[in-house]
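Here's the structure, in structure tokens; my notes come after.
Lettered A, B, C, D, E and F in written order, each chain numbered from 1.
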């Protein structure tokens, strides 16, 4: 326990966390500091490309263990099931109606790729190895949660009246081929195909400056999250807030159990915990606006970006890594 | 021949080609993956600056051989003459009217700088030296083709009626001082003036991450080209398609002859082939919209970006390099 | 004196100066070369983050000398007082009315961070050490000058009639928490807290490519400054032009005296001279549009960006460094 | 200069609905439209801005279409169906156009 | 499709004044507005463009608000106070809106 | 608030023609205009979008100018000459302006 606090303390004093904190502070202080939308999007494309490519290259280097298939299945399962857990918890903790609860639940089954990236950074800093294919698992976890959320609405009374969930083939194709899935899987495959030689040719672009770009990106996320908290704070009833902190812990525990069961390494388990604990704030909100327009975006965006993301970043990540390492790591 | 296929195969499995392929795939799959316009433009400015500067610095290092003047003259000549070849070929292969054929022809006399950049990457990867001043030749080849295309329209019947080519001093100055010419020539001169010391001071910006930026830029070009093929596919009559594949080969052969005649190195000849084979998709289209508004942009953009660019990237480049090396290279 | 010319000559042939010159040339030649607004802003965020972080990390490494407090006080004092000097000089040299003279004066008390960055580059190139906390001094000097300028208007006749200066709490908070101050101070603190370990983790992002980004940013500034000169040239009466060249020299001398008095190193004194000599072109113009809308922005922007910035960049910086080094440097 | 009466329809709609709306317009026989960016705004559901955002949710775009009067009703029906359950503002105003043959 | 009369107010204003204007609109009881980017322009004080600029001075944005006729006067008074000493253009035009209950 | 009648002319034109159009407007005595970005669109010549594009061809911008009624005809003549052989849409609508002395 003590060492977990020490880890959290050390994590807290890393440039990436402090950059996020700076962003939140600037937004709360109503500074006009801001990143152009194009710059934010460019950084996110860079991070997706780099993390995917590195994962693929590492698979090429260390071989594709049989676990890949299992891990992807585990990811699909987690993404599909966690929304039910989240929905149940929301019904206990909050007074959200079915539509809003399902919309929020969908976010928690899906993932936040930047949380994943921050998780890999911590692993690297602590010298803990992890399976390169975990980025493919991340990609696999993006979408199923959306279907679960829509199903939750469809089978309810709200789903039968009032338009309900607007689901169709088009939405399905948008979800499956959304930009981050395509880029993540695509660059993963490119990394896997080109391997060491490919990595060597672009290493000084995707490896060396990675941490620095991540700092600026987290600064931007801090600005956006802080703005969200400032403007969307009204939705933050205590029950909702509690959900935003408890749900990631529950998700992480389920991820831990499943990751250990399928025999991932300590690092891989930590990453599966991170994925389970994290909540989407890009792909799922867009899908929800199309499919569940009645759900209030202020609720799911504030929860996902304003509560759970910072919680994971600052407290969750070092805890998940420490727990995985304690239970499954050889030494440490 | 065999080794050319081997080269093409190796080329095909490089991160830059695969990134382009990923982009095309994403566009055809109607993914919403996209780069902000500002990011695409920023990457192109980076590539122009870096390639120009490196060319200049290399001239500073290895001295300005007498060939520079000859090579620039050769470039101007190729740019001015290739449109006539292309026009003639189009009249044989397609049923395009004079205006559209001339507009397309102008694109093939001019150049695509990213094709040139990809060509230098292959040379570097294979350790083949080339003249640093070839970037100046690239800049020289941007504009003359436009004048040839407009002349082709002006002397035709279409040119006498129907508005014809809208050519004036203003357009001339826009063509000569268009952004990519100014940046390419400017950074070439800066590289030449500041030399080794200058290069050392910004090397870790313009050299180290270069290949990685090129990957992302080609991913973006794949997205744009794929979108163009999806929407503009209707113009792709067989004759047009054949032109898009045959013209670069003819261009490359003419470039080969001229490059060998003026005594360029094997690498320099390869690059002159690449320049001759490539077709403009930035400067010339903009000039054509002003000067030949009757010409259908779907035709020249689909051809240049959708057919010839991928053809050169995937098949052409390794072939041109292998041919130049086989005929003119000392060893290997 | 001779060696100052040599230095200026050497400075003139550095890639960053030549990039600026290229930008000015392109703008005057009416080239369409331009950076997207988002790219320009992204580069400026990068530069602020990097320079702040490095300053903080250097404070962490070399300890926080007692001088920091003194230097910040000196900065605040310079920023508050220089506008009075500038106002007085403008009243002598030009026929600007009180409002316009005060608006211009505010710009010269405040600072240009990119001039500061270029100054640190010269110091680094010459191997002259300087206090890391000088970036904090830079941040401290951004705002006070605005208050001085507004006070100059408020106590005048123009201030009593015609709306005068529109100053309120809101403007004060906008000035104090403007993006560049928050980012500079924030990244300075992050650098100071995370120290050597933090710097190591993002060094290949904020140190290695720094000079190259600076080149592109100065290219962009050259484009903007050249456009300003082309369009705003009409305001450049001789007296105004003379002010734009003389005021930085006076500012530098005052900075020199104060810096030497509080015991800064030669490098630190040089940077204080640079800050005093430089004129704001981001924060102060925005504040002036709100508070002194009657003042003509063409005057202060053309002066600050079109005259004083290039003057400092090309001639001023090497001179300030040489003078500081001659008077206070141990050897060389 | 000869001008012709037409209607200018401007639809501010959530960005994730953009392609659905433009498809609906095309189905409704609209011959042209343009998409304009929106930086931020405020309405009953709070305020928003694009700065620093990566996702498309929480952002609007504006689709503008100039149509002949006789096509207006079809267009509005198509647009209404799209915005019905969504945030969004639909306005119609009179205008005159050059080159009426294009609409 | 049932439409309702309303007014479309478009205010081109200096970027540094944007938040002051929108606050004033909110105080004046406006229920919604959208902010559109402007790339460049020209007027009595010369011409400008955003390309390559870092600072907000020397740039304009456009604030568009659709309001019921009865709110127009309050809105214009609020807007006028903001642009009075500043560059800027305020235009009002008639329009029809769907879903009048939103305004 | 006292308002004055004016005309709002909006011209969607190919980006490579932008500076030619604004020069023509200035020659026609227009005192001011603003340039707005367009992200994409669709028309008789197909559809386009700016995303990921580097070149200016294959993109449009919108030039908006508020003019006094008496200047309209000259402006439209100037605009028509520019769009004549080009893609583009020219619309005119009635509006009211504050501060008529500015136009």
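One rule holds in what follows: a contact is a pair of C-beta atoms (placed from the backbone, for glycine too) under 8 Å apart; a residue touches a chain by one contact, two chains touch by 3 or more.
Worth saying up front: this structure is predicted, and the values here are computed from it rather than measured.
Note on connectivity: the fewest steps through touching chains from chain B to chain C is 1. Shared contacts of chain A and chain F, meaning chains that touch the two of them, come down to B, D. For chain F, the chain with the farthest CA centroid is A.
When you average the Cα atoms of each chain and compare centres, the chain farthest from chain E turns out to be B. Separating the CA-averaged centres of chain A and chain E is a span of 38 Å. Work out the mean CA point of chain B and of chain E, and you get 45 Å between them.
If you average the Cα atoms of chain C and of chain E, the two centres end up 34 Å apart.
Contact with two or more other chains is made by residues 36-37, 49, 56, 93-94 of chain D. Residue numbers of chain A whose C-beta contacts span two or more other chains: 32, 34-39, 41-42, 204, 208-209. According to the touch criterion at the top of this document, the contacting chain pairs are A-B, A-C, A-D, B-C, B-F, C-E, D-E, D-F, E-F.
By the touch criterion stated above, chain D contacts chain A in their complex at residues 14-17, 20, 45-47, 49-58, 85-87.
Residues 34-37, 40-41, 44, 163, 166, 170, 220-221, 223-224, 227, 231-232, 281-283, 285-290, 293-294, 296-298, 301 of chain A touch chain D in their complex. The touching residues of chain D, when paired with chain E in their complex, are 12, 36-44, 49, 60, 62, 73, 76-77, 79-80, 83, 89-94. Interface residues of chain A, counted against chain B in their complex, comprise 36-39, 41-42, 45-46, 49, 53, 173-174, 177-179, 182-183, 186-187, 189-190, 193-194, 198, 201-202, 204-206, 208-209.
By the touch criterion stated above, chain A contacts chain C in their complex at residues 13-15, 18-19, 22, 25-26, 29-39, 42, 125, 204, 208-213, 215-216, 219.
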